[in-house]
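Letters A, B, C, D, E, F, G, H, I, J, K, L, M and N mark the chains in the order given here, with residues in each chain numbered from 1 onward.
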């Protein structure tokens, strides 16, 4: 394996693993938040607007950690400084 | 193994693993959200429309993390920049 | 092992692992959703149609993550672009 | 090991592992669904037909993920395109 | 190790592992279903026939996933197409 | 290691592992079923015959998965077709 | 290592591992069953004979899976057909 | 592999793993916090402003641990002192 | 390493591991049984003799699985047929 | 790999892993603390100032363990005595 | 490494691991038993003598599994038959 | 790798791992303690001073185990006797 | 590595691991026992002397398993018969 | 690597791992004990002195297992008999 191949392989594997494991827990955390939101709406229908609004802000926070991972993977695939260094 | 083979193997394995582990927790999180939605509808049938609407928005958020993984796998298989570099 | 063999072996193993681990959590999540649906029907028989309808939409969402994995495995076995490249 | 042997070994091992791990969680999910069905029937005997019907649809959905794995294993053993390529 | 030995060893190990791990979760799921059945009979003795009937259908579904694994192991030991190919 | 030794070693190890891991979860599932049976008898002594009968049928189902593993181990030790092939 | 040594080592290690992991879950399952039995006796002292009888039958069933492992280990140590083959 | 390649590979893999595992638990912790916030609002709608305010401060604290990991990954990719040393 | 040394090392390691892992779960199961016994005595002091008697029978059953492991370890250390074969 | 490269690689990997695993549990612990704080405010709105104050002190304590890890990583990257020794 | 060294190393490591893992679960089981004893005494102070007596018998049983491991380790260090054989 | 490099690498990796895993559980334990403190204050506002004082003493005890790890890491990086021996 | 070094390394590593893993579960078990003791005292202050006495006896029993590990580590470091044999 | 280096490396790594894993569970156990203490004080403020006293004795017992590990690490770093032997 020459150097360029090694960089490419490392980038491919790391991008996949990062997105894979990085989207596990956000999904679980969002599932828990959504579940509780539904339970709360059923319990107190009058507070539905407040609950829904807080839920969406919370989901955005949680989703952000999954997006960190996805962004990092995209950087490694399409804007990898190490790859650019070796190609250049 | 020559360089092209290595890139191909790494792409195949990473694509599979990423989709595989990346669809575990979304499924579990969605299962929890759906379960709570059903429980909430049974408890407060009048709030069913609000619950169902919130559920679908939540499921879309959760599903999005699984889709990040699937998209990444598709990129690695059908639009892999490293593979294109070595083929070219 | 020549290159074609390596690609074949990686495709076989990845296809199996992806479907194997990718169908674990959807099954568990569906089991939880179905269980809660039955409990909710028993608790509120009048809401059975709403519950059943919501359940089926939810099951379809959860099943979709398992289908991503199965589709990816089928692509790797029957429509593998890397395999086609090396065969050609 | 020549190439044909490698393909055979990979197919055997992958077929076994896929069916093995792929039938773990469906069994657990079905167990949970059946358990809740029995509990619900005991709690509300009048709703038994609705519960039983919903249960069977749910079990079929859950069983489907186990069947994906079993189908994939059968494909790898009896209709393996890579094996056919090397035998031909 | 010549080729025939390798196929034999892979078949033996895979058959054992598949049956071993494939019979773990069905046993656990059946245990849970049986436990709930007994609890439900104690709670509602009049519904015992319905509960018992539903239980047996459910156990059969759960047992089926264990049987997939056992069938696959038997195929690998007594009707292995790869073994037959190398012996022939 | 010559071929006969390899087959023997693989058979010994697989037989042990299969029985070992294959008898873990049945024991746990049976423990749970027995525990619930005792609890149910204490709660509803009049239903003891029905409970005991259902318990024994259920234990037999659960035990069957442990027996699959034990049977497979016995086949590998005393009626191993691969071993017979190499000895012959 | 000559062939006889390999068989001996594999038998020793497999015998130990099989008994070791095979006696974990039966112990846990029996502990759970005994615990529930005691709780049930305290709750319903009049049903003590029925509970005790059911408990012992259940313990025997659970113990049987541990005994499968112990029997297999004894076979591997004292009546190992592969060892006898190589010694002969 | 020459030295520059090694540094690049280590940086790529470490950046991915760090962000991947570092965004797991914050997502889970935020999910729990959001879930409880929704439950609390439903229980005491009058305290919604206090709850929401405390929630956002808490989410910021939790998010900070995920950001430590993301910052470290960015440093390793775009401002890596070891890489600069070897390039220089 | 000559053959006698290998047998000795395998026996030492296996004996230790078997006793080590084999005494984990019995201890946990006994702890659970004893805990429930104490709880039951506190709840129903009049049933203390029955509870204590059942407890001791149960502890003996659970302890038996730990003793299987200890016996096997003693056999491997002090009455190892393979060791005797090689020494002879 | 020469000595300087080894030190650099070890520092990069260790810095990443330390921050990655070191920010897992603080995030989870803070999530639990925040969740309980919200629940407590909803239950006793009058005690909100005391609760909020105690919460922030507690969060600072928990955050401190994550900061230990981040500080260590920064030392390894920007003020590594071993690296300085080899560069000098 | 000559044979005597190998035996010594295997004995040292096995002795440590056996005692280490063998004292984990007894400690946990005893902790659970003691905790329940204290709870029971607080609930029913009059039954304290019976509870304490049963507790000590139970602790002795649980401790026995930890002692099996400790005894085995002492045998391996101070009365190792394999070591004596090689020294002699 | 010469000796000084090995010592440096071992010190770097060990320092990182020790602080990383050593700050996991203290964070979790502190999170639990803080959570309960908040719950207790909400339940009994009058006891807030006693609770807060006990909480801080407890947090200090828990933090001390994290500090052991941090101190050890600092010793390994800045006052390592083995490193000093080899440098001298 | 000569023989004396190997013995020393094995002793160092085993001593550390044994004490490390051997002090995990006792700490957890003691934490549970102490927690329950405090809860019991709060529930029944009059029984505090009996509870405290039973607690200390129980803690001594649990601590004993941690001490087994510590003693074994001290033996391996300061009174190691194998080390003495090789030094002599 | 010469012998002195090996001893140093083994001592460094073992010291770190021992303190790292040895301070996990004490922290968790202390967290649980402190949490229960706070809950108990809130429930029964009059018993605060007894609870606090018992808590501190218990914390000291739990902390002792963490201290065993720290002491062992300090011995390995600053008073290592094997290191002294090789240096001498």
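Everything below uses one rule, namely that a residue touches a chain if its C-beta (ideal position, glycine included) is under 8 Å from a C-beta of that chain, and two chains touch if they have at least 3 such contacts.
Small disclaimer: the values here were computed from a predicted structure and weren't measured.
Student: Please give the intersection of the contact partners of chain C with those of chain J.
Tutor: none
Student: Moving step by step between touching chains, how few steps can get you from chain D to chain N?
Tutor: Shortest path length, in steps: 7.
Student: How many angstrom between the C-alpha centroids of chain M and chain A?
Tutor: That gives a centre separation of 42 Å.
Student: Can you give the whole-Å distance between the Cα centres of chain H and chain N?
Tutor: 29
Student: Provide the C-alpha centroid distance between chain I and chain K, rounded to the nearest whole angstrom.
Tutor: 11
Student: Any idea how many Å lie between the Cα centroids of chain C and chain E?
Tutor: 20
Student: For chain N, what residues touch not just one other chain but two or more?
Tutor: 1, 11, 13, 15, 17, 19-21, 24-26, 28-33, 35-37, 39, 41, 43, 55, 59, 66, 73
Student: If each protein chain is taken as a node and each touching pair as an edge, is the resulting graph a line, ring, star, complete or other?
Tutor: Its topology is that of a ring.
Student: Starting from chain A and heading to chain B first, what is the chain order around the ring?
Tutor: A, B, C, D, E, F, G, I, K, M, N, L, J, H
Student: Which residues of chain D touch chain E once you look at their complex with the stated criterion?
Tutor: Going by the criterion above, the answer is residues 1-2, 4-5, 8-9, 11-13, 15-17, 19-21, 23-39, 41-43, 45, 48, 52, 55-56, 59, 63, 66, 70, 73, 77-78, 83, 87.
Student: Which residues of chain A touch chain H once you look at their complex with the stated criterion?
Tutor: Residues 3, 6-7, 10-11, 13-15, 17-22, 24-26, 28-33, 35-37, 39-41, 43-44, 46-47, 50-51, 54-55, 57-59, 61-62, 64-66, 68-69, 72-73, 75-76, 80-82, 85-86 of chain A touch chain H in their complex.
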